[in-house]
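Below you'll find a set of structures to go through.
One chain, chain A, appears in both complexes that follow, with chain B as partner in the first and chain C in the second.
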Partner chain A sequence: MFLLGAAGLLGFLGLWWGLSASGLVAKQFLPTPLEVLARTLYLLTEPFAGATLPEHLARSFERYAYGFMLAAAVGVPLGLLMGWFRWLDDMVTPVFDGLRFIAPIAWVPFAALWFGTGIGGPIMIIFSGAFPPCLINAYRGARFVDRTYIEAAQMLGTGNLRTILQVLLPASFPSIVAGLRIGAGLGWQSLVGAELIVASAGVGYLMVQGQSNISTPTVMAGMIAIGLVGLLIDVALRQVEAFVRRRRGLA
Partner chain B sequence: MGISRRSMIGAATIACLLALWAVLTMVTGTIDTLRFPSPVQFWQSAKQIMTTGYADGTLLSHALHSLELVVMGFVVAAAFGIPLGLLMGWNRRAEALINPVFLLIRPIPPLAWIPLAILWLGLGDAAKIMVIFFAAFVPSVINTFTGVRAIEPHLIEAARMLGTGRWRFTSEVLVPAAAPMIFTGLRLSLQASWTTLVAAELVGALAGLGRVLNVAQQDIYPSMVMVGMAAVGALGWGTTRVLAAIESRAMPWLIVRA
Partner chain C sequence: MSAIVFDNVGRRFERNGQSFPALEEVSLTVADKEFVALVGPSGCGKTTCLRMAAGFEMPSSGRVLVGGVPVHGPGPDRAVVFQQFALFPWKNVTDNIAFGLRNKGMLAAERQDRVAGIIKLMGLEGYETAFPHQLSGGMQQRVAIARAYVLEPEVLLMDEPFGALDAQTRIVMQEELVRIARINPRTVLFITHAVEEAVYLADRVAVMTRRPGRIKEILDVRSVREAEDWHRHTRVEDVMDLESFVHLRTHIWRSLREEKVDAEH
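What follows is the complex of A and B.
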């Protein structure tokens, strides 16, 4: 099985290298794998479009972190509250459902109008991408908490706030963490989109500049970097999720 | 059946928000209409784009163009993705062979393909379809694959025991059993398709809703931006409903939670 996997990978790389090196596809369009690797290594230390690759990544990640934390900070509490207070659910859900179908990326023009190329724009886009899963998972977690826990708490005379903090929140923790993981992924994707359109630094900007300068290896280097970081974020959060589930005896 | 309390609260909230919107923009001027349009401006822009047109086209022509691209990319992605997912789910060797390549492609966000697509295919429709394809392809494959793997072994054993031929097995056991997850994948693919299309059209296009958004942004015309967003949302909602209708027709035995 492992051999097959290796064979598949090598076959793909070989095809790529063959198409490019033989000149069947113009070098301009499809650089060889080695060229892409070389370019990636080059960009690690030499600046392009204003900064080196790690610097661009850091800028991207910074915005991403702010946007994601904002989405989590607003989404999770709101979801929990909506799960507990029916009237709040009835109020927010229609509005949310209406806005949900607007792809996060469609907010970019407004973000550009309101924030220009400042940090506010990407944060807004990342927020609109990461917010729904955080909200929905917190909401569902709270709504589907085992009734017996809630009844026990109520029988003991627990007030609203305490019920939410000490019953709903712990019980919905696995769902919340799953929501955070999905939100993190969507947020990263939204960031890329936002940076393609309105940014003056960051990996998306790097790729756009690479495209304008017809530097395909640069564009590919950017794609690899984005993919790697996205993968790392996902793996890290999956570990957190697995840890939480194990502690709960759910795994 | 009366109007439920829930719908009344929901309707009331929306009505309040709309009223608030109107007041803050038109009456008190708290919100600068250069930044955020008033309801009246929104309506005027909507009328403008529906009749005389904006950014070289009417709302209908832009919307149809965007819809065309989404449907094309989505259908092609599903047509390739579902069979591939079925193959990978069913045949361990195929999975082992294809998986590494898939794992390489998968982490790259669909939007990250846009600069490359523009380099390869220019600013026209082909580049958009390529990006939509990549966006819609991955969820279809993964969910189909998961759907096949999740099939109850009993079903497979029963079919085998009865001597079901290959083709019949695929069409009457494999696909229907994996169908719920296949449709989940299709729904995700559709979402991804719309997101990617709007992004691709924002980066550079000659027609389509994304172009409307782009031109409106450059013209500093917020109410038109809003019209564009509303149109995107409406089309997204509409296509999702169509998919849901197909889903319930295709799986009449499944009780779908609202």
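What follows is the complex of A and C.
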């Protein structure tokens, strides 16, 4: 397993290096892996476009955190309620289905028009990426919850509010956490698009500046940073998911 | 007073635009504090009867009354014990049992007293903070029975409560149920396909026909139990050895077998 993974990675790096060293592609447009690594290390401590790479990442993460938390805070309760109240499901689903296939980046023009270069724009775009899975998974979790839990709550004389909070929510929890994980990934993927319209700092901004300076190693350093942080977010949420499953005795 | 009355109850199901009868002309009264077991071939609609008394389903015709009032929906006056326990896996034993009491707005101190009492009665001491998945099937069903009993409901509805348990555990639970029912009698409707269990536990056993289910016959076990003094035996196997027990059991078996033979034609 590990050996195959390492071989795949080495093969990929070899192909990349061969392609850029052979001169088939202009060096300016495809830097070698070593150049990218050197540039990444350089950017860790030296500022480019007004900040070092970690500083850009921190600003990006801040926007991302707001966007994702907003998506979770709206998507999860709305999904749960849609799973519980049929009329809400019938009301929201057509609107939601009409909007959910619009890629986050398609909102960039409106985000720019409505929010200018402020933090609102990126939050809106990240929100549009993270929101659908948050809602859909909470909805599915609530809609397909084991009916006997609901019936048990009902025969114990439980009202709507308590049933939603103490039965529907915990019963849907594994599905909700899975949705948060997917949403977190999609939100992070929307980041670069979100930061196309940012004028101060952020990994997306760094990459745009790198492009206009024809510094492709800088662009790639940004890509690597995005990939790595995305991986870290996913690993962290996987841990949360595994913890939830263990506590339930499911694992 | 809280008798369960099925008054000429019918229930139809819709499938692929067609309507199928599941129950027809079911009339049965479970008197106050009486224990009635409902046996029948699988798919005869006995669980549907229980679900209508619980308020999870509505009859298509006829009426289901509990305490003289038509059943409109589920409520804590009719506690249900499910075959698959239906405990809340995210709550520990104490919180599962206390769940219904919290709905009643009972004071915390009284709630704790009630829960502690039922935990003792059901032999659950030492498991108060355990989660359902940490317990055996038998222990989980004890918790489910405790969760129902703690509400002191007028009516207990038990849907094959021991059906998911192994044979040994099942016997222990049957003895436990008899013990608890003597301390604290309730109006009980008990669904089972195990004939011996029905004869051992019930005051009366109602036998149903195959689908569409009707009440085929009702046997008075209680009069036999009292006449033959089954109570002098505390163990299931001793009661099941008695001639009067065997006689009743065999009668019901034959009655059910006729149904199955018919079904094959």
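Just so we're on the same page, the second predicted complex is superposed on the first by the 232 of 251 C-alpha atoms of A that agree within 3 Å, B and C clash if a C-alpha of one lies under 4 Å from a C-alpha of the other, contacts with A are read in each partner's own complex, and residues count from 1 in each chain.
Just so we're on the same page, a residue touches a chain if its C-beta (ideal position, glycine included) is under 8 Å from a C-beta of that chain, and two chains touch if they have at least 3 such contacts.
Everything numeric here is computed off the predicted structure, so don't read it as measured data.
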- prompt: For A:Asn213, is the partner it touches chain B (first), chain C (second), both, or none of the two (neither)?
  reply: neither
- prompt: Regarding the shared-chain residue A:Ala106, is it in contact with chain B (first), chain C (second), both, or neither?
  reply: first
Partner chain(s) touched by A:Pro170 [first = chain B, second = chain C, both, neither]: second
- prompt: Is A:Glu151 in contact with chain B, with chain C, with both, or with neither (first, second, both, neither)?
  reply: second
Task: Using the superposition on chain A described above, determine whether A:Gln239 touches chain B (first), chain C (second), both, or neither.
output: neither
- request: Using the superposition on chain A described above, determine whether A:Ile226 touches chain B (first), chain C (second), both, or neither.
  value: first
Query: More residues of chain A are touched by which chain, chain B or chain C?
result: B
Message: A:Gly8 in the overlay: touching chain B, chain C, both, or neither? Say first, second, both or neither.
response: first
Field: Footprint overlap on chain A, where chain B in one structure and chain C in the other make contact
entry: none
Field: In the complex with chain B, residue positions of chain A that touch it
entry: 1-2, 4-9, 12, 29, 87, 90-95, 98-99, 101-110, 112-114, 188-189, 192-193, 196-197, 204, 207-208, 210-211, 214, 216, 219-220, 222-224, 226-228, 230-231, 234
Field: chain B residues within the chain A interface of the complex
entry: 5-6, 9-11, 13-14, 17, 35-36, 92-93, 96-101, 104, 107-116, 118-120, 191, 194-195, 198-199, 202-203, 213-214, 216-217, 220, 222, 225, 228-230, 232-234, 236-237, 240
- prompt: Any idea which chain A residues touch chain C in the complex?
  reply: 146, 148-149, 151-159, 162, 166-167, 170-171, 173, 247-249
Message: For the complex, give me every residue of chain C touching chain A.
response: 54-56, 73-76, 78-80, 82, 84, 86-90, 99-100, 102-104, 131-134, 147, 151
